[in-house]
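Listed below are the structures to be examined.
Next come two complexes, and both contain subunit A; in the first it sits with subunit B, in the second with subunit C.
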Partner chain A sequence: MADSDYIPLMFQAQIEGRSQIHRLDPGVAGHQQQAYDWAQQWQDGCDAKNMPKFSPNCQTKDYNFTWRMVTNSGQDGVIRPVIGERGWAYYPGSSMKGAFARCCTLEQKLLYCGGVGDDGEIHPGILRFHGGYPKNDDWLDDSLVDLIHPQEGWQLNGNAASRRTVIQLSLYQPKLTFGISSLKPLSEDEWQQIWQIWEKALGKGIGSRVSAGYGQIKTHGATNLLIVGLQGTGLASKRIDGVAEFRPNGFKAALRGHTKRLLCGVTDDNTAEKFTNQLWGGVGGRNGAIAGLLGVAFSAPNLELAMHRSGQYEMPIYDTGEAVLNILLLNQKLSDQVFGRSRQLSETDRKNLKILATQIVKFSMLMGGFGKSWRRIDHSIFFPDYLQANQNPAIGCHWKFCGRNWDRYVVPVDRLADITAFLNGLQTKVAGFPLLQELQGGNPQNTLQEAWCEDNVQVWGRIAEDKNDSLAVRWFHGNYQGQKSIKRSPLTGSMGQIGRIWHRMYPRYQKQGEELKETGAFVELMTIFPNRLGRPEDIQKTADFLKFLEYSADFTHLW
Partner chain B sequence: MSLKPFEIDRYAHDLILEFREKGDVLVESHKMRMATAYGLERFWGEHLRLQRDSRDKADFWKKTWTTFCKIMKEAGINVPNDAVNPDNTAAVKTMTDKLWSFDIEQRKIALAVLTELCDSMVWWTQRYRKSRNVAGGAANGR
Partner chain C sequence: MYRKGYGIIETLAPLHVGATAGEESGNLNPIFRDSFLRTGIIPGSSLRGRFRSQMRLQRQIWLEKALKERKIDTPDSREIKVEGEKEPLTRLHWLQKQATELKIEPDLEIDENFWYGKTAATDASDTTSEAMVKFEYASLLWLPVFCPGQPIVWVSSPKLLKRYQRLAGESVTLKDGKKLKEISGSQIDRLVYSGSQTLKALNVEGKKKLFFNFGFLELAKGMTDLSAWFPLGEELPAVVVADDEIGAIHDMALYRQSRVRLKDDEKRVDGGGFFNTEALPEGTIMVFPVAIRQKAPQHWQPFGKGKQISEIYLGGLESIGFGNCEITLKGM
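This part shows the complex of A and B:
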């Protein structure tokens, strides 16, 4: 090999054939991707023994991040952390000052961060922000390589072309030490107030992609819109090097996807797209990015990952334990790209957003789950035979509410008709959502595969006595009647094709007097988007199955 | 021995003036100054990377590189400057090999000169760059 092949990737040209760390090369095995070499070269080159130290006149505090965090350096053609002193990953002081200033009152901002005073002169602030460094050298052993794969087009419309994966480098569950110093001696009380402001800033998330759960600590203060206690099991993601990782950005993907489905059921596609971007953020194209109002953060201190092995298959599975999903209100302003003018959220807007977010969470939990394979029930719970007897891969997920306030999000089911009532009410609430009304969109166009409108989706349900009483799960893996089967059809989906059925075992809660009681029973739900296009025999197959549901099975058509 | 002026600052001045009319291209000079920290190859490769997004930016980097090579030549150091198509990986490798294999002392001098050139370019950028914020709002619709 020539000399130039031994040059560290950092010093190579950022072009094809040299250093291309943002690109996932499909022809190369996972851990041999250039991004791993790059990260390893960085970690090896870092001066691990000499941790950067803040000067003694600096106040410092440590904070743990619940998942990944990154502040983009803006270099190397890839999103990666800034590299600070001695090669240590670094959260820049300038970013820290910006995040801090956004959480100050005008008065505090002038005092601490500086600015133009009443006299029209520029005054310096008294504080100096020294940024944050990892507390110890653990991060040098972590995998920094992280994936971004936008798949909204794929999930909602089966559009395979919209699936692409790019690499970013981010810190995994880092513990960072932040430093602040002051030009003037300050009292103990004042320092306490300063750190409180900084904690407020951290509560909103710092760095990039905070709305998807990056850069979040455990507490969120005033940013919190909803706190949802959740526990889930299912299939975990694999990093490119094959290692398991539970990726909380799946929550945002699910909630955002459902938002779009629901909106497409009550307004035209363009309005639905715009409003989804207003709620969850969007890259916007020609008109620039839209800062979303909502974001998520997830904290699962007892998360466990394991391997499911059966025959030749080996796949990672998770159990989150009792965990907390926070829906955050990250932004206080409506975008002028959406509304034609930018304005602050009113108190009423905030209340309405809380109602809408609650409804979307209720819907997400009623109809499916979160993360990979969310359209299917967790086979290890509801169909263990399938996993034991055969050499089959693990499938599905199962989520339930836990912790405080769970009753806020539960759809109690005394009779199946309660679900019909919920879905009707949900559609009315979405259609009548005041901010959406302001946009005056048109009629639903029904072009999205999973648009949530009457002639595009059917919901079927039954009460299942216990976890062994799922009927439909067997229909996905065998015949549902005689020789008739939907197995491996476009209805159920297969590798490389999104199916048209969601299957859920929703824990059945019943009202007993004023209280909600968990019954141990389940509501078995099938959400079906019948094919309108495709081969005639596939359309016929779906029609046969729907007829079967109508006449022979004990499922009831709920919506 | 007598003083030999290499007129690095004048070359920088002319480069900035030449690219002044091309929209936002001048901000690249700040990136050029940063890229010098990563050595000659990173700097040289940038004009190839940019060919896909912006012809003007690519031209700016290339012209700067060519100017740099000219200055070095006057000083008796030949810095490689092949015309390379970014799709031709073999040609890219040939060029990078050349960049990492000429005499190390000469390479150090070359990098120092490139850094000096970029410093000068940043200086002129700060003087010649057209303001984007003309009174009454953004001048070019951004």
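This part shows the complex of A and C:
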């Protein structure tokens, strides 16, 4: 081997065959990806035993991050944390000061962070922001290697080419110690106020990708738009090296996807795209990035991960336990790229946004779930035979509401027509959403595979008495009538091809007087986007199945 | 004529002493560099300025206390400017004026104008005075280099070691009883490519090597006792490289941030708000000489009586955690 082969990856050129650690090489086994070598080299070089110390006249506080956290260093062709003293990961003081300043009143900002005073001159603030270091060396392991896996085009339109995976490096559930000191001695009360401002900044999330759940702590204060108690089970994601990880960015993906589906059902594609970006953020085109209004944070203190084993299959599954999904209002400003002029949100805008976000959460929970395999019901709950008798992989997920305020998000179902009423109301609300009205979009173009338009989607439902009473789940694995089957058809989907049916067992809540009661029964829902293109026999297959639903089964056409 | 001493600086946070706009204006904010080796320095004027402001604060505190004892009402401590007869005075000037009227004078020990020279009044350029204490620039002695895949290594070069020898040669005694100054120049030159006893180098095909950004450096001279060259006692994992190499290695060790300024009210890049800052990393050891005029009637004790060590802030970007240093004064 030549000397040059021993050069640390950080100092190699980012070209083919040298150091391209952001690239997931499909021909290479998980933990042999170059990113792991990179992480290993960082680990070896870092002085892991000695946490960088803050000086004694520095006030410090520790905060736990509920999931991942990254502050992009802007080096090496990969998104990775900043490297600070003796190799430790570091949240820079400059970022800390910026985040802090954005949570100050004008007066506080001038006092603490400095700025132009009444005399027109620049004065320094009294605080020094020393940044944050991990509390211990737990972060220095393979968990650093993280995935970015955009698949909006795939999920909404079956566009396989839009799926790609790149690697980034981020800290997994770190505990960071932050340090602040003051030029002047301050009272205990004033320090408390300073830390409160810092907690407000943390509540908005710090670092990159905060709208997808990165850089979030448990509390969010005024940033909270909605607090949704959730409990879910299902199929967990895997890291590149095969280790299980529950990835809260799935919530944003689902909510963003539904937003776009719904918008494409009421306006033209361009307007839908623009408005989705306004709500959830978009990367920059020629006019720069759009800072989204909404973001998510997820905290599941009792999350459990386990392995599902059957036959040749071994896959991780999760049970979140009672958890909290926060929908955050991360931004107070409408973007000029969308509206042609930028303006602050009014109180009415905020109220309207809350209504819209509530509706999207309701819709997401009614029709499907979150995370991997969200289009199918959790087979371990509703079809355990499938997993026991056969040598089959785990499939699906199941989500229900829990905690306080769950009744705000529930769609109560006395009669199946309640769902029709909800879906009608939802479409009207989305179409009439005041900010969308301002954009004056055109008519739906119906080009998106999963656009939520009347002639593009059908919702079928029935009441299932209990968890053993799911009818449709068997149709995905066998014949639904005689020799007729939709198994492994373009309708149900397969590997490399997105299906056109969502299947959901929605817990049935009924109104009893003023109160909502969980009944133990379920509403079995099938959402179908019939194929308009493809081979004639496939289109026929879908038509046959829809006819079957109409005439033979006890499903009702709801929408 | 002069009593000589020296100071050792250990950086506890990144240290940025440089120009924000100057020979390289724009979005690159480099640190000041030595013109021969291209390694970081702290100009003597920056050191003096910092020491001066430290003492000025001491004097201000003394004046506040003295006036309070005379039951004089002092303005709110938050106020920077105070009402004067004609125009606003700085708080310190106000205090000083009151004190002069009452004929109370602080001890010379805390009079920054005495020790560091009197600054000229705007209308009288001949009111300056010569300083009692003189500083020369601080140069690197040891610079820590972090590189993934190998341990952190402190580097130095013969020229840097020789400067330290010139400043500390009299006061450092080696294990064999000799003084540091007795080490000959050629002996120092021979240290090139030798590592300290605590260094664990990479094993590249049987050879002891270290990676720096120009390639691999072989520790051809093996390991030597370098403890004499560490003024703070601990012999760190270290290597001596040639004078014509340290500049390039120095570039690799600097703490560099490519930064963007975000908008005040939105988490989005403020157009054009892109800039780079470099700083000496934490754990850098620097040395600077101090000369005190023989006629000084008292001891110079900038950190208070009997104190030789103090934490001090140097350079810019203090508010984002830069510049925290520990200074140890020796031979005063």
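The working rule: the second predicted complex is superposed on the first by the 556 of 559 C-alpha atoms of A that agree within 3 Å, B and C clash if a C-alpha of one lies under 4 Å from a C-alpha of the other, contacts with A are read in each partner's own complex, and residues count from 1 in each chain.
Keep in mind that, in the parts below, contacts are C-beta pairs under 8 Å (C-beta built on N, C-alpha and C of every residue); 3 or more make two chains touch, one makes a residue touch a chain.
Small disclaimer: the values here were computed from a predicted structure and weren't measured.
Colleague: A:Asp3 contacts which: subunit B (first), subunit C (second), both, neither?
Modeller: both
Colleague: For the overlaid complexes, name the partner, subunit B or subunit C, with more touching residues on subunit A.
Modeller: Result: the larger residue contact count on subunit A belongs to C.
Colleague: So in the superposed three-chain picture, is A:Gln14 touching just subunit B, just subunit C, both, or none of them (first/second/both/neither)?
Modeller: After superposition on chain A, A:Gln14 lies in contact with subunit B alone.
Colleague: For A:Gly77, select first, second, both or neither according to whether it touches subunit B, subunit C, the two together, or no partner.
Modeller: The first partner, subunit B, only.
Colleague: Between subunit B (first) and subunit C (second), which, if any, makes contact with A:Tyr551: first, second, both or neither?
Modeller: A:Tyr551 contacts neither subunit B nor subunit C.
Colleague: Both subunit B and subunit C contact which residues of subunit A?
Modeller: 3, 7, 10-11, 75
Colleague: Which subunit B residues qualify as touching subunit A in the complex?
Modeller: 34, 38-39, 41-42, 44-46, 48-49, 86-87, 89, 92-93, 96-97, 99-101
Colleague: Tell me, which parts of subunit A touch subunit B in their complex?
Modeller: 2-4, 7, 10-18, 75, 77
Colleague: Where on subunit C does subunit A make contact in their complex?
Modeller: For subunit C paired with subunit A, touching residues are 12-13, 80-81, 144, 146-152, 202, 204-205, 209, 211, 213, 215-216, 255, 257-259, 261-262, 264-269, 271, 281-283, 311, 317-322, 324.
Colleague: Which of the residues in subunit A come into contact with subunit C in the complex?
Modeller: 1, 3, 6-11, 38, 41-42, 44-45, 47, 52, 55, 57, 73-75, 82-87, 92-94, 96-98, 101-102, 113-114, 119, 123-125, 127-131, 179, 210, 288-289, 291, 330-333
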